[in-house]
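Listed next: structures, encoded as structure tokens.
Heads up, the next two complexes both have chain A, just with different partners, chain B and then chain C.
Moving on, here comes the complex of A and B:
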């Protein structure tokens, strides 16, 4: 009964969400539509980082590298042959890619699969390392990918990047992918595999003693994460239509880590909320990077000011909300209904019952 | 006794941590249906020995489980072969609930109907765990965590359990309780290898015991014999 009710509520919420997306797509200007698309891409980034670090405890800093793989696959498979020729004017593109032009869905899937494949290959040796060492190894991997992008001209067009990538990404694609990601990651962490991942996070030695295959579960978390980062990368390049290796500097990973920490390690809800807040917030702050004149006072614009504010915000969250906005809590219908009822009850009975008493009763019933 | 009822056979076991030789060639056996205890001072190498059997630390010498060498077998396979462990310091996963902690032990099992019976069994033995089923393991009291660790080992339905100081940090009543459970589980057919600081309790409940001193076995015998042994009395039973 209860499960059925929640499923219905979820379906209803999805329908409403779809309606909102359609509304946004049709009424908002392209600028805001792009920002909402970016919210979805960052949501995927944060959710996948949460899977690797928040749930499995593996401090991997390879996100920018995996995103780059996905972004370049997304670009190279969707660019038309003519556009490719125009892009690769210094050195011709590798012959096998010259005439490829694919629809968006297979492109996204290939982007994900390639990122997952490379992710697993990297994870193979790297996952023998722990903590800081794993972080350093994956960070190194991410940099190696970027250096490849700069130097492997016939494949990537080097530092000049790629232009004129078709703008296939719209709100249905981006949020569709985000919802699929959240759904699959949620299913995974609620399964017995997820339990094993969380056990590894809490105490690796004890998990091993209990018979948890450490390697298998770490690789699984890595591959699933890398797949969706790759998909998000492809969504990204087909959104902004111009990419170059500088987009995938370490700062991208840093932002993703920051967003996930702000949302709460171990909360997918937190990741989604923080990713959207972050993206919108950063846009709203854009004016502070340009010249501001207040009366006779003129403050010159400083590019990068927004990141300073982001860093301060992150510092604030870490100091005062150790566990991020959501901690390990997750949105659920039961919680929402309990919350709404609890609130009603509280209003009615606050004279006679303590508020905690009312809430307790609700939880038990 | 026949060869066939040997559950565990350890021969010339050595364990190194870097250059330090923590276990210096010990040999002992555990037979079907027995409770065997390893007692010894801090740092004698008891936990190391259990970790070697579970495949968590590298070791030299021979370890055979039911006639099969455990050399090179990864930890998760050893559990699947039926060797469950309650690690020292309990090994409770702090962020997982009591239920999730218990479920972790069952996930190699295919016999779902039996699993739910075992849940009932654990909750009958430790009603306190049932009351706290959705509480995170990390917020249980020390004693409750110990119950959870022991309960979890029962859930994995090992034909053998390795217990590392199950009575550590427990109030006397609970120590009694834990030993009662160990005896009960053993009576149900599970072979037990028990590491204890509480030599008195351990020897009283064990069929046989070994005394480990700085990496070597200095004495062995039946539980009552060792209890009566003057050297054991002096060193481990407080004179």
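Moving on, here comes the complex of A and C:
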């Protein structure tokens, strides 16, 4: 009975959310719509990083590389042949791509599949490594991908990047993808596969001794993550419409790590909230980088100030609020209803919520 | 390729390698003790170069005062970073420490952009580093040798400190086991501070020499050398000081020679370093000089 109630609530929440998206898409100006789109993209980034690190314990720093693959696939498959010719004026594009132009949905799926394929190929040897070594190897792969993007001119247009990518991404696409990602990741971590992943995170040796197939579960987490990172990458390039390899420097990965840590390792709710807060916060701070005039006093703009504030905030969270915003807690209807019914009930629920096992209760929408 | 040209490339490679090695030592020492990949180390390199630049260009100090002063200031900054950002997290999961390093790295880079400005400055070499030396048909500018010689002297001092002094002995003990070392009466906090000071001082020296070799400094100049030096540290077996030196030289020389012999691959120069790293990790995960660590259950 209870599950049914929660499902209904989830569906209702989705309907309300859809209404809000429609409202935002129709009433807000393009600037804010773009920011809300970015929120969704970063949510996918953070949720997928959480799957690999927060739930499976594999410290992978390859996010920027996989996002780059998705973004370039998204760009190359949607650019019209004429636009491609305009972009590739130094050297023509590889012939098999010259006349390809696809609708958005198949593009997203191909971007995801290619990222997942390359992600698995990377993971296959790299997962023999553990901890820091895995981090370094995946960081290396990510940088190699980026360097290929710079140098493989007939495919990627090199350092000049790609311009005029059609802006297909809107709030339905981006948040639709984000919700699908959260839903699938949530289902995955609650399944028997997910329990095996958490066992690997908590103690690899013990998990193996109990018969968990380490390689299979790690590579599954990697492939699922890479798929959605690829999708998010394609959404990203079709959102900002101009990309070049510099966008996918490893600092992008660091940002994603920072967001996920701020939200809470092992909390999808935290990832989503932190990603949105981060994006909006960074935009709201934009004025401090431009010139400010107070009376007759003119303070010249200082680029970089926003990231100074972000890094100070990140440092503050890490030092004084170590579990992040949500720790390992998840939003759930049981928690919300308990909260609404009063304090006693809330205490009881939050106690159960505190433990890891109970945190995985009901799917969050 | 003529033999003279080869010698020139080799000298170039050795000097680049000694820079990598200088920076790599800081990574390796910190990793050996705290098991922390100190991602802010590359930015400490940048701070060293800027300190020297401001000393020489703004306060008009002669190089023999400006450079040592920059090294001392940077060493102090390294210790401050450790005190503020890393010390409170020592007992916590390593991801926290790592994220703290990332946050510090972000902070230094962006503070650098805010304070120094995003535009690069031209770093002026002291005159004696700008002399053109000719050996037969080979001509090499003097800074190449000065980098190699300075690095050599610094390595000798470091190896002496680590192997022959009490503080060095304590450092080596810490890298085996922090807790036990504390129990036998070593002030672990002080030794960790000493490690950071030493690592940052070498990084500053590396940064200043880097700026004499590539005389343009900007707030993000430390990122790539830092990453490469880190690769060098892993190549040599992270946690192992002679290993970091060997790794640095290996990386510097092979990078220069590969580009020299196969100019068409010059765009892939950075990818090459990472490719070596990944291959090495797969076949010899503990690096050239690293010890195999048994896994405790």
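Here is the rule we use: the second predicted complex is superposed on the first by the 340 of 365 C-alpha atoms of A that agree within 3 Å, B and C clash if a C-alpha of one lies under 4 Å from a C-alpha of the other, contacts with A are read in each partner's own complex, and residues count from 1 in each chain.
Just so it is clear, a contact is a pair of C-beta atoms (placed from the backbone, for glycine too) under 8 Å apart; a residue touches a chain by one contact, two chains touch by 3 or more.
Worth saying up front: this structure is predicted, and the values here are computed from it rather than measured.
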Per the contact definition in the header, classify A:205: touching chain B only (first), chain C only (second), both, or neither.
both
First (chain B), second (chain C), both or neither touched by A:99:
neither
Can A:7 be said to touch chain B (first), chain C (second), both, or neither?
neither
With both complexes overlaid on chain A, does A:266 touch chain B (first), chain C (second), both or neither?
first
I want to verify the contact counts: of chain B and chain C, which reaches more residues of chain A?
C
For A:91, using the defined touch cut-off, is the partner it touches chain B, chain C, both, or neither? Pick first, second, both or neither.
neither
Using the touch definition from the top, say if A:318 reaches chain B (first), chain C (second), both or neither.
second
Who does A:144 touch here: chain B (first), chain C (second), both, or neither?
second
Per the definitions at the top, what is the overlap between the chain A residues touching chain B and those touching chain C?
205-206
Residues of chain A that touch chain C when the two form their complex
53, 59, 125-126, 128-129, 131-133, 135-137, 140-141, 143-144, 147-148, 150-151, 205-206, 250-251, 254, 257-258, 261, 265, 302-305, 307-308, 310-312, 314-315, 318-319, 322
Spell out the residues on chain C that touch chain A in their complex, using ranges where they run on.
31, 35, 37, 39, 85, 88-89, 92, 94-96, 98-100, 102-107, 109-114, 118, 227, 230-231, 234, 238, 267-268, 270-271, 274-275, 277-278, 281-282, 285, 295, 297
Contact residues on chain B for chain A in the complex?
51, 54, 56, 74-76, 78-80, 85, 87, 91-96, 100, 103-105, 107-108, 152, 156
Using the touch rule from the top, collect the residues of chain A that touch chain B in their complex.
192, 195-196, 198-199, 201-203, 205-213, 266, 328
